[in-house]
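One structure follows; several queries about it will come next.
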Amino acid sequence: MWGRWGVYLLVALAITLPMVLPVRIRMVPTPPVRSFFRMVEQIPKGKALMIAADFDTGTEGENGPQVEAVLEHAMSRKIPILIMGTAIQGPELVQSYAEDLAKKYDYRYGRDFVNLGYLPGGQPVLEKLGRSIWQTKPTDYQGKPLSQLPMMRRVRTAKDIALVAEFTGAGVLPWYIQTFWAQFRVPLAQGCTGIIGPEQFPYLDSGQLSGLMTGLTGAAQYEHLIKAPKRAYRRMIPQNFAHITVIVLIVLANIRLFAERARRLRGR
Amino acid sequence: MFQPVQDRWRNVFLCVVAFVAGVGALALLQSLPPAHRRRLTGIVTFVVGLYFPLEFFYPRHNFLTPWRDSVSEVLRVLAAFAFGLGAVNLFLIHGRHVARRTPNLIFSLAFFAGFFLMAGAGLMNDFAKGFLAAEPKVGQLGFWEASYRILFQGALLPLTSTVFSLLAFFIASAAYRAFRARTLEALLLMVTSFLVMLANVPYGLTVTSFLPDEGIWRWGRIENLVQWMMTQINAPAMRAILFGVWVGAVGAALRIWLSLERTFVSGP
Amino acid sequence: MEHARPDTIYAYLPWIVAAVIGGGLVLAQAGRSLYIRRLPAIDAIEEAVGRATEMGRPILFVPGLAGVDVPTFQAVAIAGRVARLAAAYRTRLLMPVSNSVIFTMAEQVLREAYASAGGSELFRPEDIRFLSEDQFAFASGVIGLMNRERIATAFFFGNFAAEALILAETGQSLGAIQIAGTPSTLQIPFFIAACDFTVIGEEYYAVTAYLTREPILVGSVWGQDLSRITLAGLIFLMSANMWWLPEWIKSFFSFW
């Protein structure tokens, strides 16, 4: 009965049914997500939040809602936002989220948020960026000179950045730790995909990361904290039931194992 | 170190000279006896491999640093030469299936269709937007750009996500098979996996959310317990494995650099 | 541009590690017998190849998803040893690759492996296939290959990402015997759950030494183990220095 196909069918039902049925779940934010929220909440007036969009469309399913939640939080607090990325598609994706949210919070490009675009070159480029943003990338993602963007008159070096929020599905965090955290003493927070989450906990434990959002769960918890449940919350519902299904399957498998053992012992 | 060549014909001439010189060098290398060829390859490997550690370990900017970008470019160009080989191999294999009308003919035809459609749409979009279609006006979506977007965003990305989504089913079947309490270690593994899974879903977090988040009772909350496990048990274990892996990688890299491990070059 | 800082120990540690490994090489060259513990996963390779021969079905070897890096070189080297066994048993070996450079290396290595086992005529260049550099395109190509060819044995050695479990579970569903080895810590749990034998962590870099028993390789692995012990001792000493030792000793170690 519980063959491979039975398992697949149960998982398929657990994922698809909550998408069509009206189900609600209660979010409980975990300490790393609360720390992330606190870091954004404590950004002082006059300093900027740097969003490092180091993800592509492949991990947009998890990183996208994370970035959107942080953008909405920052915009609600009127924090200047600087967008950049070491992945090609990341800054473009974040730009589209920012433009959608800008209408709600009366944010204007150039005055309240700027996108530097894709910065190739890895860690050395981040080091240069921390020293001088203008010298590293004198134009924005569309080629407009930074001198024409009012926000950039106040944001010139790492000293003007209060927090770097990095979003990725790959292992690029050490670049930011070795540059922004170690050299320029700028706090870091990260939103990562679920699969690389366990690798980031050592940095959280050592204090090099001040906040961590892991996967869709982290994004949904952050949306709960900013009281704006959106696509992370909606996607979390089927994921929640899929996890519960896996737990139930494991319990059933073990019940079967113990029942077989008992039968064998009785047979002796 | 090197500036791009501005003159187009000089650029073409240099490329042709470099290509002919490269082919000549390869032909010369092939004509050498195997023992001499291996010795020469070993010497070149050693000299080229010496560059990066020397440049890094020599403190601060040194006489080798200006060459770093050029050396990286050379490596990228060499890798690009191999790029076409993959496509040639695919063409040969699938071409053979089509020519011999094997049972897998339909898959080979699908390969050719996908290859030429994607390559064609991409090349036309970049180099000949008006080929067999109306030249798009500024701000207008042209035929070839629309085709490229349909194929990439409409077909390739959803197909990638579809294959990725197989993981949900495979994780469930792997968990059903693997998490059985046959031994004490397996029981510990199972209990830990339960806790981590519960901490990653809202329903799991609500189970212990009634407990206070301060004092001794905070350890009864599943998210605090799991964070402790991830940072104090999982993270040290991962660090230990990575520590061993990286020392092993240094050893393996040393063997390759000194041409002591040649089995990956010329077989056992 | 980042460079080593000579005022810390970190600039010298790689040289210490290299020197210890070099010591192992010298000892091995001098004829000393050096011990490497048993690796059950590698002992099972011959059994796995034999099983494929009995069933009359091919063997699959996947050298990972990454490009030109040390783990992939190791994987190709291991593939050469497996190919030699497969040639001796007259069994077909399929090797899908995701990188063009590795494709050329693999073809050369396998051709020579077949030749050294006296099975040059068995070598089929079309059994080494470049599929795609895209992660999931490669994964779907491999699982298609596994299902069409009904492989009996699968080897997964190299760097893997999320596609690891897809490949391993497909092999499970076909009833194949599977042996995996990867330095990717995140994929180790998936291989342990889905494969019959798994080589984890630093064992991965000892596989070629274990298979060939060449003195140089064994000496290098022995030296690696000794350097790990040295580094672990250093970590313990520095931790003790931080927490327990008096200030005058700490100032002596401030260089570290």
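So that you can tell them apart, the chains are marked A, B and C in the order they are listed, and the count of residues begins at 1 in each.
Just so we're on the same page, a residue touches a chain if its C-beta (ideal position, glycine included) is under 8 Å from a C-beta of that chain, and two chains touch if they have at least 3 such contacts.
The model shown is predicted, which means the values in this text are computed figures rather than measured ones.
Engineer: In graph terms, nodes being chains and edges touches, is this line, ring, star, complete or other?
Structural biologist: Graph shape, chains as nodes and touching pairs as edges: complete.
Engineer: Look at all chain centres (mean of CA atoms) and spot the one farthest from the centre of chain A.
Structural biologist: The most distant chain relative to chain A turns out to be C.
Engineer: Using only alpha carbons, which chain's centroid is the nearest to the whole structure's centroid?
Structural biologist: Ranked by how close its C-alpha centre lies to the overall one, first comes B.
Engineer: Taking each chain's centre as its mean C-alpha position, how far apart are chain A and chain B in Å?
Structural biologist: Inter-chain centre distance comes to 22 Å.
Engineer: Averaging only over C-alpha atoms, locate the centres of chain B and chain C and give their separation in whole Å.
Structural biologist: The answer is 17 Å.
Engineer: Just the number, please: Cα centre separation of chain A and chain C in whole Å.
Structural biologist: 32
Engineer: Taking each residue of chain A in turn, which ones touch at least two of the other chains?
Structural biologist: 4, 58, 198-199
Engineer: Among all residues of chain B, which ones touch two or more of the remaining chains?
Structural biologist: Chain B, residues with two or more chain partners: 160, 164, 171, 173, 175, 177, 238.
Engineer: Residues of chain C that touch two or more other chains: which are they?
Structural biologist: Only 1-2, 135, 162, 185 qualify.
Engineer: Inside the complex, what are the residues of chain A that reach chain B?
Structural biologist: Spelled out, the residues of chain A in touch with chain B are 2, 4, 7-8, 10-12, 15, 25-28, 30-32, 57-58, 61, 194, 198-199, 201-202, 204-205, 214-215, 217, 220, 236, 239-240, 242-247, 249-250, 253-254, 257.
Engineer: Using the touch rule from the top, collect the residues of chain A that touch chain C in their complex.
Structural biologist: Contacts found on chain A: 4, 58, 123-124, 127, 178, 195-196, 198-199.
Engineer: So in the complex, which bits of chain C are touching chain B?
Structural biologist: Within the complex, chain C touches chain B at residues 1-6, 11, 14, 17-18, 21-22, 25, 67-68, 70-71, 73-74, 76-77, 80-81, 83-84, 99-101, 103-105, 108-113, 115-116, 126, 129-131, 133-137, 139-140, 144, 148, 162, 165-166, 168-169, 172, 183, 185, 188, 190, 192-194, 200-202, 204-206, 208, 212, 216-217, 220-221, 223-224, 227-228, 231-232.
Engineer: If you look only at chain C, which of its residues touch chain A in the complex?
Structural biologist: 1-2, 135, 162, 173, 185-186
Engineer: Which chain B residues qualify as touching chain C in the complex?
Structural biologist: Per the stated touch rule, the residues are 53, 55-62, 65, 68, 79, 82-87, 89-90, 92-93, 96, 104, 107, 159-160, 163-164, 166-167, 170-171, 173-175, 177-178, 238, 241-245, 247-256, 260-261, 263-268.
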